[in-house]
Amino acid sequence: MTSNKQTNQEYKQFAKQRETKRPILKNCIRAFLVGGLICTFGQLISTFYIHFFHFTEQNVGNPTVATLIFFTMLLTGFGLYDKLAQFAGAGSAVPVTGFGNAVISAAIEHRAEGFVLGVGGNMFKLAGSVILFGVFSAFVIALIKTLLIQWGVL
Amino acid sequence: MMFFWAFVVGGLICVIGQLMFDILKLTPGHTLSILVVIGALLDGFGLYEPLIDFAGAGATVPITSFGNSLVHGAMQEADQHGLIGVVTGMFEMTSSGITSAIIFGMIGAILFKPKG
Amino acid sequence: MPAFAFHTYKSQVMHMKQIRKKAFLPALLLISLSVTGCANNEDGRSASDNPDYDLTQVSNKSEISQEIANQAKRTILKKQEVIGARAVNTSDQLLVAIEIRQMDRFRLKKLEKNITSDLEKKFKDKKVTVSTDKKIYLELDELESRLQTKDVSEQKLDKETNRIKKLISDEA
Amino acid sequence: MLTGQQTWTFANKPVIISTGTVGGPFEAEGNIAEDFDLLHPDLYMEQDSFEKAHKVLLEKASQQAIDKAGLTKEQIQFFLAGDLINQITPTSFSAKTLGTPYLGLFGACSTSMAGLALSAFLVNASGANYVLTGASSHNAAVEKQFRYPTEYGGQKPPTAQWTVTGAGTALLSNSGQGPVVTSATIGKVIDMGLNDPFNMGGAMAPAAVDTIEAHLNDLNLEPSYYDLIITGDLGKIGRKISLDLFEKNGTNIPDENYVDCGLTIYRKEQHVNAGASGAGCSAVVTYGHFLNRMKRGELNRILVVATGALLSPLTTQQKESIPCIAHAVAIESGGETTP
């Protein structure tokens, strides 16, 4: 077993040297540009809502996010978001549009298995972890902070 | 000016995500989950709100703001109702992202077929 | 339950307002491009010559003197972090919106607090409300403009002021 | 007849009397489009789900092979095929349509040669007169099962491979005209501990090397015996690694005689990262492109080594490494053979 593990390790090295490396710098520049543009577009939507509707900077986030996810639905539905993502990487995954794409793509994909078991059952198969870890970590952090405030530490 | 900083800050958060993809070889699921936790932590230390004031959508559009607003909602409710508010206030400020994803997910499933 | 019902009602009203506004959208979009971010003093409000900040003086055409508001704006703009100010006062209230220099926006909440307490000290007989929100800035700018050009009744001004104050407290 | 450790030689020379190859829209734009019998312009093949389209692919390919041989499906004794989808349902469902006695196979992307080896064995041992074998894959159905929803924006690294939409079938008989199957080597499962599902070529390379070397040893052949040694879907990275492994082991395989189906099927401008893969890949490229070249007399002896990565999303998520396998089948151009 030990010698087998050894050769496995050696092979891993051997294979790694021959792997096509990920173009990290290029990927980062693309992620920066596309991610930045999505956020700028979000800012544009926010500004629009502040000027023409009764939203303040405090609560304009809600309609902005909803609008962005609406556009995500169109891009995902017409099969463009995954192409954008191959180019942009994290640039299109990290903004809230990426969260929307995770939900919407799963919903569209599993339409073939029906609305209840397919769409309903699979909608959050990718985005669920984001909600789980968001909610649980927020719960722990808020709990600690509240206790510290109540005990007068903060 | 706000647009410029939204671009820069939003872009930089995405670069952090890209580095997690490429250097740490994490899946999108792992990367986004970690970013959400980071957002929640930053708000726990009171650091995320200033970033939003500075960069606007550059800080509210990336998924990190999801963690931030979860903590924010919980803390706001906790101020009024004590510990129980931590649970009841959690979704106070973030309902729109999840709600719209569900609604547009359903509409998308009705309107579109996967293109492959 | 009553709180919930109230909330639903409010959002319905908001919704109706949005629908009404939608008709004007194309036109408004064009105007917005020229308006966004600039101070429009076409209504005769005198502006300061200093290009570093944005200050307006509302002359006393209306029955309610805006001298307190003007004074407040001059005070605030002495702070180097502040690059713009709009203010309106009623007989018992002072409503101020400020624009903070981009690099100081990290300390936005703290500056807001400091300025509020400064103004509270200075204008003890008024109830002072300070906001750094862009929306409030726009609303106050519009209200100033109306005070400058038209005769706004005291009752109307109170109503408008309360409406804007409600916007500030509307968190989510 | 067993020769050496793991190789069968077929004295009665089973003949590949006809083949059927069907592809999708992406393959139609590819490098070897003219080698397909049928190309679908639509990924759905007029069905309402990708899995149903997957089934249609294999049905059509089977029908093509049977029609080209001038037979009816009742004359086929056995149908040996497989694919990548859970419980190989697309293959089983098309076996239902075909109505032929059926054995479902799973060897991931090595299924095509597993099927060909077994079919040749059956025919060689007079277990059947006509055996139909094949393998298929559908890009979107496989993506949906193994990776993310097709519309999900996940960036693929340059080591990833593109699953072929296609089905390839071969009809074997004890008599007739066509290339003959002379020997087959069944591979062992090799696991060198790689666990990146986006780098299958790297994981599969040692399995291909192991099977090719076993084949050459068992039959005591030099690599130059074959005009081409054709791997299934090692892709750019797997091909390079396997060549370097051969060199390290002292097996002399010339670069120009060592080709990969995954690097043959698409044009350079089609962005498929490291190359193509999928159960249908080695099937359509071998049964379409390479057998056509044999018929034109450009090739006389080929060794087809289909490689398979035996993973599932479940094993990957449970942090298991990727076990891999490769089966080699030697095909030689033959004249008329009579029983």
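Should a chain be cited, it is by its letter among A, B, C and D, assigned in written order, with residues numbered from 1 in that chain.
Heads up, the rule we're going with is that a residue touches a chain if its C-beta (ideal position, glycine included) is under 8 Å from a C-beta of that chain, and two chains touch if they have at least 3 such contacts.
Only a predicted model underlies this, so the values are computations on that prediction, with no experimental measurement involved.
Here A-D and A-C were compared by C-beta pairs in contact; the pair with more is A-D.
Averaging the CA coordinates per chain and comparing them to the mean over all protein CA atoms picks out A as nearest. Note: centroid distance chain A to chain C, computed from Cα atoms, is 36 Å. Separating the centre of chain A from that of chain B, both taken as means of CA atoms, is a distance of 9 Å. Per-chain Cα centroids separate chain B from chain C by 30 Å. For chain A, the set of residues that touch two or more other chains comprises 22, 27, 47, 57, 62, 76-77, 79, 89-90, 93, 98, 102, 104-106, 108-110, 126. Counting partners per residue, chain C has 171-172 as the residues that reach two or more other chains. Residues of chain B in contact with at least two other chains: 2, 21-22, 28, 93, 113-116.
Chain pairs that touch, as defined above: A-B, A-C, A-D, B-C, B-D. The touching residues of chain A, when paired with chain B in their complex, are 22, 24, 27-28, 31-40, 42-47, 57, 61-66, 68-70, 72-73, 76-79, 89-91, 93-100, 102-111, 115, 119, 123, 126-127, 129-135, 137-139, 141-147, 150.
Chain D meets chain A in the complex at residues 48-51, 144, 148-159, 192-194, 199, 202, 205-206, 236-237, 240-241, 244-245, 271, 274. The touching residues of chain B, when paired with chain A in their complex, are 2-3, 6-23, 28-29, 31-37, 39-41, 43-44, 55-58, 60-67, 69-71, 74-75, 78, 82-83, 85-87, 90, 93, 95-102, 104-116. Looking at the complex, you find that chain C touches chain A at residues 14, 17-18, 21, 25, 28-29, 32, 35-36, 133-136, 138, 167-168, 170-172. Interface residues of chain B, counted against chain C in their complex, comprise 1-2, 5, 49-51, 53-54, 73, 76, 92-93.
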